[in-house]
Amino acid sequence: MTGTFGAVTPGRWAMIAVAVALAAVFPLVYHDPYYMTIIVTGEIVLILNISWNFVLGMAGVWNFGQLAIYALGAYSSGWLMLHHSGVPVPLAILFGGLFSGVVSVLLAFPTLRLFGIYTSLLTFSFAQVIQYVAVNNPHGLTGGSFGFPEVPGLFPDLGQTAYLRAYYWVCAGVIIASCFAVAWLRQSHLGIALRSVRDAPAYTAARGVNPRAARVAAFGLSGFLAGIAGGLYLSFEQSFTTSQMGLTPMSLDVTMLVIGGLGTVSGPLIGTALLTVIQTKLINYPGWQLTVLGATLLVIVVFVPGGIVGLFGRIDRRVRGWVAEDADEAEPAPG
Amino acid sequence: MTDAVAILANGVVYGSIYGLVAIGMTLIYGTLRILDMSQGSMVMVGGYVGWWALATHGVNAVLALVAAFVFTFALGTATELVSVQPLIARRNEVDFELVTFITTFAVAIFLTNVALQHFGPFQQNVPTIVSGNLKLYHGVSISYHELTMAVISVVLMIGLGLFLARTRWGLAVRAVAQDLDAARSLAVPVTRLYPLTMGLASALAGVGGVFLGALYFASPTAGDLPLLFALIVVVLGGLGSLTGTLYAAYLVGMTQSFCEVEIGTTWTLPILYGAILAILVFRPYGLKGSPSEARL
Amino acid sequence: MSEAPSGGRRGMSRKSFLQGTAGAGAAGLVIGGGIGYGVGNSSGSSSSGSSGGGGGKKKGTLKIGSASPITGPYAGDGQQMIRGQELAIDELNEGGGVAGYQLELVKLDSKDQSPDVMKTVLQNLVSQNVAAVFMPFCSYTSVEFPIVAAKKVPTFHVNTWHGNVDWVAQHNATNIFEGDPSELSYGAGIVSVLGSLMDAKTWTPRNKTTYIVSSNDPYSLNIAKSYQSSITKLGWKVVGFDQFTVPQANWGGVLVKIRDANPDVIVFSDYAAGDEAAFIKQFAQNPTQSIVYQQYAPSIPQYLQLAGSAANGVIWSTVVGILQNDPIADPFNEKFTSKYGASAGFSNAGDQYDLMKIWAQAAGFAGDPYNFDKINAYIKATPYRGVCGAYSFNHTGLTCIPYPDDTPDPSIGMPHLTFQIQNGKQVAISPEPYTTGKFQLPPWLQ
Amino acid sequence: MTAALAVRGLVAGYDRSVVIDGLDLEVGDGATAVVIGPNGHGKTTLLRAVSGLIKPFRGEVELAGERIDGLAAEAIARKGIVHVMQGDGLFVEMTVEENLLMGAFPGGSWRGRRAALKRVYSELPAVEERKAHKARTLSGGERRLVGLGRGMMRPGRLLLIDEPSLGLAPVAIDAVYAVIRRLRSEASSAVVLIEENFTHVGGVADVVHILEAGRIVRSGPYAELAADRTVVETYLGSIAEVPS
């Protein structure tokens, strides 16, 4: 899968349309509140993962500050929801996205001089500072480790089923939009620039692409989406605690990305879905949730480097070979 | 004055322990270009070995330390074999550092949760190695346990330094850190050297764990804070620089000690991480480090 | 390589076949359906419906939900909680069950009780049609309360957080009971215990100074601040107020300051057993001339094991604690010890045991464990005497009334117990009639 | 008698690009073979494939009759191949003496290594003078000498030397070649030396092979090839000032 629009055949478009349609009608036929809650939470995590994967896959940067950026989106949109109740909630979420985008851009600048593990350490340190400052603010904006004070959310007047459905659709909309945006960006000037910066910095610079601007842009876009995810999370869960930035959610998200396949459009979709199912299945075996997580992460990184998407890619190449044979067979075969 | 003495004494104790944990991380980073996130787990495991030996089997302190050393050495070796060895072929790829960062982190998650299932959530009390206090100045005192811990840390760190400077295998470790191909062409068996290096580093952390267990107890998450501090130390020292790590360990210990007294315990970690952030922004490769050289 | 069947032209070439089905990126959007399918068939709703009918013999099993911390920072508390719940259930089952049902405890992990975890766990329990929910610790934002409030399923917590009680009062919830008083009683309680020591002349402060150490979460801070305001009203001076972030094992810096200040009283308002045990161990190396008060944590058996002899002399209190030398609590303690080979400690095993019994009594009275209105009304109206003393729920927030803080009547108030550790034993020193001994000066003050 | 080194049908390269393409080479016992060829035609790749630093795609490599292709570099080194790498491959943060000691890494006692050290110092007094300095602080010529000295630290069956003159000033080159000549006359091991041109290899080479586009295109004694004007001019610059 090349991931560019140019390669999307009519068959694929039809497939996408069917998938979107199925996803859209799904909550009309399914309404178990427990699983719907998990699915909506999974959708929000997916938005976060798409944002994370974007900066990772495009700029080749493991940004371990992404959860802090996500949290800042939640806190800043929550600040509007709580203290400026005149502002419509969707605008507050959008504000959270913008705020996170700006912070993410600011975070991008110091990473420009660094490479590899240093970038990760810088962003990790950033996340630690944000997390501790939030923890140390128990009676202030963040509510500390006990959580953000209750906010109204997007749909305060809906009943449970309708509430879940509404959030499901909103999140699905954001997911679809961001998937298309990412797919489009990949084959845009910026996307090509970013990937060539990652793979061959000198070549890119020679072609007149400014690698710094490209990376800053990737951070900004990724931060914006992460902030939106944070705002959605806060409005859906009506709370946000500092543990959302902790090591456990980070390990979970990293594993989702790695399992799906880093830097691909469909990787986060597959990884998030798969791990959400596994973690939910293991809810009755709490000790095993993280043990399995650690083992899975290790096995995938070591033995399936491209994640599931990469694995499918290899299978796909085999299948293409198979198709090619078919084309050969159309010719009168000798013998 | 009393404050100053107390800050100094605490700082030395903290610094010695961070040094012991961080120096292993530095050794591994210097040799293998891996930021080993499983070091914290080795502290945790060392604590449990100490508890098992001292509290439940009543063996003497030296044996307990040796047991922790041996066990974490083996565990570190095993960690390398599962989380790094299969990836060695990708050593020269750009993302090797990050991939192994993640695999060792995965090992850490795994070990923490295995400990949780095996030992349960409770903390366990590890007896002190030596009892009693040394009175320093106007009521400032330091326990002999902490003193022993500091001394053994320093001895182990000096020992590591001598090992690297004076022995055939020590030279080989440094050689591998600096030029892998040249070292291999001189018949250094890297496939054995890597697990041994990681075993050695883990064993240092494991010994640290026995001491820490007596101060802060053995528990499944006992390695988390030492890891967070060790990360600060290795970055501050410049990844891969042994001397830098040593300075940084004591600097971080002193800073922590100072923050706790003068600013507030709760601000220690954010201040230290803020400092790291500033250092990475303005002086990206730590106090002693430089970007492209191997430094062991 | 050429084994592929090659008989004639297929209706569809391999290529077009693939084009139709190859997953485009967005195919992952079936995620919703995928998860629904993946998880949806794992555990349906409870098989045991409320089939009504009078008190026949066996009606099958009844699911009771437990959302207790099995992993994470409170896992130590969680183990005690679950043991208390299970002990009660075992007794009830042996006695023939509740309203003809055998009980089955469905245990889910509430981890660090962050709001999202609590919501998920409660949704799960509610969807399993549990007859009651025991969530000893819940979130401090109460955002999960609507899930159980909507169903009116009897729900019990001991979160000791006034914010949760406020939520119940504001929303007129009828089914969310707090099995102990909220944390506000702690601060004034400490001051009154100190006052009684001074009145009895068993201890005299040198210069009326106190040092406060609190973790930076709102619960601990609220206790610290209410203590601060109560004691400063009596003319005391607060010579230090330290905040830390859990887990905190390094007390070196805090102790430097404490030793500088040499206060009359050190008050610790955090609740993590390991942190407090580490503190007292490090304090005991070179103690100051101070009374040391540590809130709640010493109630967990592990605290004594970790702190050892360093803990001798420490006083602590709990707004919910298992009574000692008490005709109701003693059999419980024995049973617990013989079943688990470990002490029940002083609070959470006992309160969970009591609350399970309270629910069972009400459900038995109602005759139908799904007649939630009747059960809730019964619990609210009926005081109960359990292993932790008297439970009677105040009528607005459905929280227990503390004795002696809010009522002088021990038969309706839950005793706010203060203990001192003496020679490795827990001795209740306040309030009467629950005491088992007298306060003694800590060894470092003698 | 088996050759010290025999390479047959070697195909090697990096990733998917083939650099050495079907190369055959034989070096007799105790002989010195010089491989000459333009940049980028596979000289260094050839040495790296022989010493195992890269795995050959195809073909055979024999060291004194024993197949070694496919073995790990450290195993091949233990079998007696000493590889003096291009750009010297010194451990820059280690002292000169530590670098030399690494040359005697496999086996050996401290005493044996001390003796080897003494021998190298007596051969290379310039190196001894700098023995306590970090390799990083040395001049290019000194580094090359240390590299050669490190190669002399243990007895080898086959010495591979990769472009010893690369990047050096003429004076330094002369010093380096003086050492190589001495080494060759004293030691019994076979040598494969790689250079870009004929300029310095006179008096060193028994046989010269010309490597182009991944294959040996011509072989012969030094005198023969050096006398062939077309060869010299086509491939390899001038030999005017080289004594023949």
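Order of writing sets the chain letters: A, B, C and D. Residues in each chain are counted from 1.
Note that contacts are C-beta pairs under 8 Å (C-beta built on N, C-alpha and C of every residue); 3 or more make two chains touch, one makes a residue touch a chain.
Quick caveat, the model's predicted, so the values are computed rather than measured.
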Exercise. If you tally the C-beta contacts for B-C and for B-D, which one comes out higher?
Worked result: B-C
Exercise. Whose C-alpha centre lies nearest the centre of all protein C-alpha atoms?
Worked result: B
For this session: Go ahead and note the Å separation of the Cα centroids belonging to chain C and chain D.
Result: 74
Exercise. For chain B and chain C, what's the span in angstrom between their mean Cα positions?
Worked result: 36
Exercise. When the centre of a chain is set as the mean of its C-alpha atoms, what distance in Å lies between chain B and chain D?
Worked result: 42
Seminar exercise, completed: dist(centroid_CA(chain A), centroid_CA(chain D)) in Å evaluates to 53
For this session: Any chance you could list the residues of chain C touching two or more other chains?
Result: 71, 216, 243, 245
Exercise. Counting only residues that touch at least 2 other chains, which ones in chain B make the list?
Worked result: 116, 224, 266, 269
Seminar exercise, completed: Residues in chain D with touches to at least two other chains are numbered none
Seminar exercise, completed: Chains touch one another in the pairs A-B, A-C, B-C, B-D
For this session: Using the touch rule from the top, collect the residues of chain B that touch chain A in their complex.
Result: 35, 82-83, 86-87, 90, 94-95, 97-99, 101-103, 105-114, 116-117, 224, 228, 231, 235, 239, 266-267, 269-270, 273-274, 276-277, 280-281, 284-285
Problem set entry | Contact footprint of chain B on chain A as seen in their complex | 60, 62, 110, 113-114, 116-118, 120-122, 124-126, 128-129, 132-133, 136, 247, 251, 254-255, 258, 287-288, 290-291, 293-295, 297-298, 301-303, 305
Problem set entry | Complex contacts: residues of chain A adjacent to chain C | 1, 3, 8-16, 19-20, 22-23, 26-27, 30, 32-35, 37-39, 41-43, 46, 132, 135-136, 138-139, 143-150, 160, 168, 172, 175-176, 179-180, 183, 233, 237-241, 243-244, 264-266, 269-270, 272-273, 276-277, 280-281, 283-284, 286-287, 289-290, 312, 316, 319, 322-323, 325-327, 329-330, 333
Exercise. If you look only at chain B, which of its residues touch chain D in the complex?
Worked result: 168, 171-172, 174-175, 178-179, 181-191, 293-296
Seminar exercise, completed: As the complex stands, chain B meets chain C at residues 2-3, 6-7, 10, 13-14, 116, 120-125, 133, 139-141, 143, 215-217, 219, 221, 224-225, 256-257, 259-261, 264-266, 268-269
